[in-house]
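In the two complexes that follow, chain A is the common piece, with chain B as its partner first and chain C second.
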Partner chain A sequence: MIYKNNFHAETQLKLSPFFERTSKLNESQEWRRWSGYLSATNYELSHENEYFAIRTKAALLDISPLYKYIIEGPDTQKYLHRLVTRNINICKIGQVMYTPWCDEDGKVIDDGTVQRLSENTFRITSAEPNLEWLQYNAMGLNLKIKDDSKNTAALALQGPNSRKILNTVAKDSLDQLKFFWMINTNIKDCPVSISRTGYTGDLGYEIWIDPKDALTVWDILLEKGKSYGITPTGLHALDISRIEAGLILLDVDYISSRHAIIESRKSSPYELGLGWAVKMNKKNFIGKKALEKELARGPEWEFIGIEIEWDQLEKLYREAGLAPGLPSTAWRTSTPLYYNNQQVGYATSGAWSPILKKYIALGHLKSNFAMNGTILDFEVKIEHFRKLTKAKVVKTPFFDPKRKRSCPK
Partner chain B sequence: MSKINKYDAIVIGGGHNGLTAAAYLARAGKEVLVLERRHVLGGAAVTEEIFPGFKFSVCSYVVSLMKANVMRELMLPHFGLELLPLESTFTPLENDYLMRTADADQTYREIARHSTRDAETYMRFGPRMGQIGMAVRPILETIAPNAIRPSLSDLSNLKNLLNHVKNLSSEQFEYLTKLMTMSSADFLDEWFEFEPLKATMSASGIIGTFMGPRSPGSAYVMLHHYMGDIDGAFRAWGFQRGGTGGVSMAIARSAEHFGATIMTESSVEKVIVKNGKSVGVALENGDEYKSDMVISGLDPKLSFLKLLEEKDLPSDFVQSIKNFRIRGSSGKVNLALDGLPNFTCLPGEGHHLRGAISISPSYDHLEKAYDDAKYGNFSKKPFMDIILPSMLDPEMAPPGKHVMSCFVQYAPYNLKGGWNDSKREAFGDAVVNTLAHYAPNIKDLILHRQVLTPADLESTFGLTEGNIFHGELTIQQLFSLRPAVKWADYTTPIKNYFQCGSGTHPGGGITGSPGEMAAKKILGILK
Partner chain C sequence: MKHYDVIVIGSGINSLSSAALLGKAGKSVLVLEARNNIGGMASTIEFLPGYKCNIINDTIKWINPKLLQELHITSADLQIIKPEITHIALGENSKHIYFHRDVKKTANSIKNLSEKDANNWEDFTLYIKKSTEFLERLYQNTPPKLPNINVLEALSMKNMLNPIIKHGTRGIVDLLRTTPMMMLEMMDEWFENDLLRGTLSSIGVHHSSLGPFSASTGYNFLHQHLYSNGIIHHNTFIKGGTFKFAKLLKTIAESYNVEFKINTKVKSIKLDNEFCKGVILENNDEINSSIIVSGVDPKNTFINLVGIPNLNPNFHTQVRNIKYRGSIARMHFLLKKLPKIHNIPIANMDTMFSICPNIEYLERASDSMKYGCLADEPSISFCFPTIINPDFSSDEKHILSSTIQYAPYYLRNQQWGSETNEVLKQTVIKTLENYIPGFNKLIESCTIYSPKDLEKEFGISEGNLNHGEMTLDQFMFMRPTINTAQYKTPFNNLYLCGPGTHPGGGLHGTNALNSVKEILKN
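Moving on to the complex of A and B:
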């Protein structure tokens, strides 16, 4: 018997508009879930070449799974200015701002970019769905909020050669586009917007595309980018580079205050190293009162970078008869940090940095211990046994090349 | 001419070891001057734009043995050290090929296509060699003791080493002994059966050495190549972004950061010796610089027989240095290409062009190539270790174009009738023809060809007889015997004159180790 099935729930993982290409290129067939999408973990059997594409060539990442919202209407600027912690009143057309947004208690809900597309149109990107929160705060305002997640395909082109490649395919030159600005242009007759943004801490761009043009843009990028070393790149490589860049990841380094079951799981922007993005001179924004108080008494936690020192780690491994075991991919397991045998924090993600030749991690530390240069003990497991090895508090980003912000002369 | 002419230390030669020593000395607060003969730094670890738009790692072309603590202590990543992974080795054969990659399962299947037994053995072999490499590391990291008249610190070093050797498992001891004495072919025969696999693996036992895979002693050279690690992974090879010169430049920037002065186009003529003590150097242009100590990064022949007068040295020492084997066996062919080579056995563009390409189909191929050299000819069908740097770093060549680096063996320094322009070109032709056998389109792609014979390596880069290791890595000239007995701890018979080149322990390759250990010896950090 044949059923006629009228059940339309989205039972399957979503496929990005680039899946037609990425699925064929993914030699490893390793995929991760990202916001309900199938997203390549690495295209090749190992992610190494993809990592180095980000740092020395050009890496092409499908970032379509990002949540994207278009907010449009006369009240949009006022609305966003109140919603996020950055000063949206000074955000010019074509400018992009990275910002967290908080609840009334000053705890971070999510972080992402706000792009000013026109006087009254903005795009906001986020890691998790935020539609409810966005709508809840828009009540009574003259604006429309549209979940644009499926209507905009997005690619990230990251790495030192990314500008050269875009200059060969885009109608307009990218030479004058400054860090955190965007332009509208065409790639092979397809209208796109290109923002000089990314999640790698390197020179890089994100391209916002109508899904119907997705494959055309992908194909021309791969074709013209070939001689510049363009490399389809997955999430393993991205994860290492974002740690090197000291960029936080929701649900890994912090939990959205909207989902935290207990108070201690929530973090304020100050506790996530985002104090610079909180503009206290703004008249009002969601969470301001709570953050004022926190600022006055000082945040309880700080988000810090640590370097796991080599000599002791090597010694511990040698005692076990092994060469130092370094993580080949980034890890995301909470790992205790001690000071004088007392746990004073925890690392949330870490990786061996192939470019810095350092074992680095990001973590939360009680503020009294978060001074740069403080020597902590970091827990490692060597041959099933827990050991402590020295780690130093350092400032982030760990890796910050000039090319990230510079323009050609 | 430099403003001051009195330094705490003068380093002769701006190769990577000289620069490393200079950086360590400057880091310790010494006033250091580095004098380099050429217009570029790096010695044999140098990148040059020989043909417009094409950057060649002219001599040395891959990095594996660079010591992790040197990278850290000199902050080399901060100064531009960027090692890209070289993930595979591809051996083209007649109508078939052998491919080994970074992925264990893929490599297993690929070897199993030829021999299941080998595929399984291979999985055990790598980790074993890694363990042996680790077991040898402490030896490499110890200042070679004076075996004839050991000092107190020598005795304590020896005791530590003996303790270390006692702690080796019997299996490690067995392999270590075998590796020290056997030929790479014999050693590999104990493990594997598929000829191209064995031949390709044995090739690392002949690199830079005037030996064939069947020559006893070649197994040690193989081990030497196994001791490299990148990010803790043994036997990993990397390519420096921008070419090998980038490694030297990173060290040079580090040295300058710590306050060293570096002068190029400053050729040292003589080390000035007064009363058995070195007091400075004299340049070819007549300039003189005074210094409390002089450190030579040159090979032992140049350091002692050229920069010094024989009369200043003990005659037995002079004899040892004269006997020091430094026979050049290799040449280098660098090609600027209009496109990518297309291998008949594996056509098209793929991962195989992103790793090493080894022309080593059989022991016989290698041994016959060696036979040619034994009798004073270059190999008609040479062994080659090839990489396409532009596949890893597109900036090495203009968009769409490529550079190809071919390390070629054998090319004897003492060629019958001597090297000249037509012999050089004939050697270049032999290389291209051998390559064209596997990738016929190569001939149409060549935009420029740079051929370096051992004679060129000597005249341009100051490598005596063109030997890339400043002396062969054979057991009779390693450790306490490198370069000469009693003088293996970076000191020399001349007071305040030291050596820090690859001709000292632990030997050649881009390791930074001789430079580091010499500096630490001088500074009293290592004893």
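Moving on to the complex of A and C:
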């Protein structure tokens, strides 16, 4: 074969279709790199207000950097049913399913949502590029896979007021739109689809938009949402709320099996608390055989939530002559968890939850210790010295308001 | 609809052997063949009205003696012609080398070219014989499943003890040296004469895409000499053509009530959650069976019949990575009369000939493989089937059947077609003309099978006659893939028996013997 140079390098970070607006609103000018895009970490100097917008008002997040794939063709349902662990055969048009997908050894490659747009058209979102894996497993099937990442702009509108705002701008009412369902509607003559999904564990929606309509939709949302307290929100606030919601993050809480350089870095869905999303009654899906075996012997690890107890933490700081120090933003450093002086796990992300007034974290724990109520020792560094402080295994989500799933009467 | 114990897909030597052996074991067996006759690569056909030839294989290098024994085949059933002169390597200025069944006579023939080589000859034959004795044993075994070999598998390899004891550590070392070796190095160790080095190297690259400067051609050299008792260039013919062997196997199978259906192409294998239930034919008829044995190559079996959507990703990758790389073309010339070869008496023309004057010539020919073009000076082996089987011609006309190496399946910037066939034909005529003066004028017609034609006609991927290259990375427990080397597949009740499995290509039936052993175990 003659070598063709198909390689294109992007020498600069990509700009989202909303950058025209977000760049001007971002007072702090703090940005993080997300999938090659410039993405605001916090619009104000501190993310606190944005966090409370998620929990008490409405937060508007630019989530365009998500990877999005459109899969279309007569074999799509059959294909996705085999690719992911959830049962796609029961996914109705307009329904959305959160699911992980695994390699043949039952180790998670990525997780995201599968949206059924029509009988034979699905959209799948992911944290990392997945086109190669998607295409490789589609060989011989009658379907087309399109990397739609650049062709669809996306916003997340999250918070208790999000429905009210959308009801004022969208052509159709969202009152009856159930959790993990979506509708096609218009916002100011721009066709959009709105799914009742999100990454905050609150009432919230994600809006899928043609990039050319991006600014129109942004503007009307900010205008009409003003009286509801709509707040452009960055990744810092999102990170705290997703920990409160007990939602995992690729490359932080787990490593894709496609990148793990050693076996022990890979995780099965059972080890990530996603056992509920693995449907063993399916005839076959990629990784099923391995997962059957794992289920039979029991997973080695479990994914758990912990609460770091206040009294002892305060005492340790007092001994150092300090007021209790708490993380102002979410952290993502692997932190050891001990039981009887023996390391039995590690926390992968944690934050002070402003709404719960608790120091919480997510982590991996050897299965024998992963019962709710188990008291562990959590490693903290106080004034350069490593100390142990008590932490309790609790069930996640830490924060789970009724409004997340309910519809108005 | 009748339910069979076993459906065998394909009817080459291994498929027929499997059918016969399974029939003998009391199974109800149905053989499905897509072509209009059985035989596969052992086909002998009337390629022109009144003239017959072996389409692919003129000679049989070896047949597994155990197969003949199990199916009670005697020399009366299968008449094997063993010419005293097994091969003639054509040399320049009429200085040819005659390979005899008698090692001393061969040495004598070599003596005209090199006294030193003649002195080495007998030692060389013993050295090759020694190494092939290991392979003969190894080929009887189902390869172990790696990486965790269990005790039973280890015990099943105990038959290797015999040659190990007989030849000692030195024998093992020689085997381990020879198999990964390139023919060039092997020749450097033994011989100096160009013609001898060339003609021996052509065995190492037999039906392969590799050139003699490529590693593991030494292994292919050994593979061609199993059960040859140290006779190098071990060519035997079958009275009536290679098809007679296939026909005999069919007759034996039928005596065990095996049924045959020709002109019946399988479209797909019916799967229910990794269990094979039967086959679906091209006319959408379904035939059910408890077991399916596939004699077609791994690509056809898994990609085309099982279907990619049913392959798990790792296995799919393994199947896609099997190297085929068809590299030879076949050409049959109908000649007005028997030609005269430089300095070869007519009495000696009932054998195989080769044109490969030196090892560099062969390596240059193999360059065409790398660059996707036709070799300007190909290595050619040929014979006159009408001399070996006089009834192949209805009159005084004769046939010359030739194998041309190298003719790559993938051509660069062009496609196989009448144009390329014509170029290839002219190259072959020009080459033959050097040894058979006036050859061009004798040609009445010519039939060409390019690798593309072989693929189309016989369904062999990329026209590879071994159902996958015979290289060390596709050897034993890695043939056809590391997950399917035990004749079993990831699909319950689906087995492989073709040359794509251990121990590889040839009309020897060993693959079938081992495969049936595994099938009957379960």
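Odds and ends about this structure:
Just so we're on the same page, the second predicted complex is superposed on the first by the 400 of 409 C-alpha atoms of A that agree within 3 Å, B and C clash if a C-alpha of one lies under 4 Å from a C-alpha of the other, contacts with A are read in each partner's own complex, and residues count from 1 in each chain.
The working rule: a residue touches a chain if its C-beta (ideal position, glycine included) is under 8 Å from a C-beta of that chain, and two chains touch if they have at least 3 such contacts.
Owing to the predicted nature of the structure, the values given are computational and were not obtained by experimental measurement.
Superposition model on chain A: chain B and chain C are shown accommodated side by side without a clash. Of the two partner chains placed by superposition, only chain C is touched by A:137; chain B is not. Once the two complexes are laid over each other on the shared chain, residue contacts for A:325 go to chain B alone; chain C is not touched.
In the superposition on chain A, contact is made by A:283 with chain C only, not with chain B. Contacts of A:354 after superposition on the shared chain: chain B is touched, whereas chain C is not.
When the two complexes are overlaid on their common chain A, residue A:78 makes contact with chain C while staying clear of chain B. In the overlay built on the shared chain, the residue A:45 is in contact with chain B alone; chain C does not reach it.
Looking at the shared chain after the overlay, A:227 reaches chain B, while chain C stays out of its contact range. Note on chain A: of its two partners chain C and chain B, the one contacting more of its residues is B. Residue contacts after overlaying the shared chain place A:401 against neither chain B nor chain C.
Chain B and chain C never share a C-alpha pair closer than 47 Å once the two structures are laid over each other.
Residues of chain A that lie in the contact sets of both chain B and chain C are absent, per the superposition on chain A. By the touch rule above, chain C contacts chain A in their complex via residues 273-274, 303, 307-309, 312-314, 316. Only residues 75, 78-79, 82, 103-104, 136-137, 139-141, 283-284, 286 of chain A touch chain C when the two sit together in their complex. Residues 68-69, 71-72, 76-78, 81-85, 87, 101-103, 106, 130, 134, 229, 231-234, 241, 351, 354, 392-395, 399-401 of chain B are the ones touching chain A in the complex. The touching residues of chain A, counted against chain B in their complex, run 44-46, 48-49, 52, 55-57, 161, 226-229, 310-311, 322-326, 352, 354-358.
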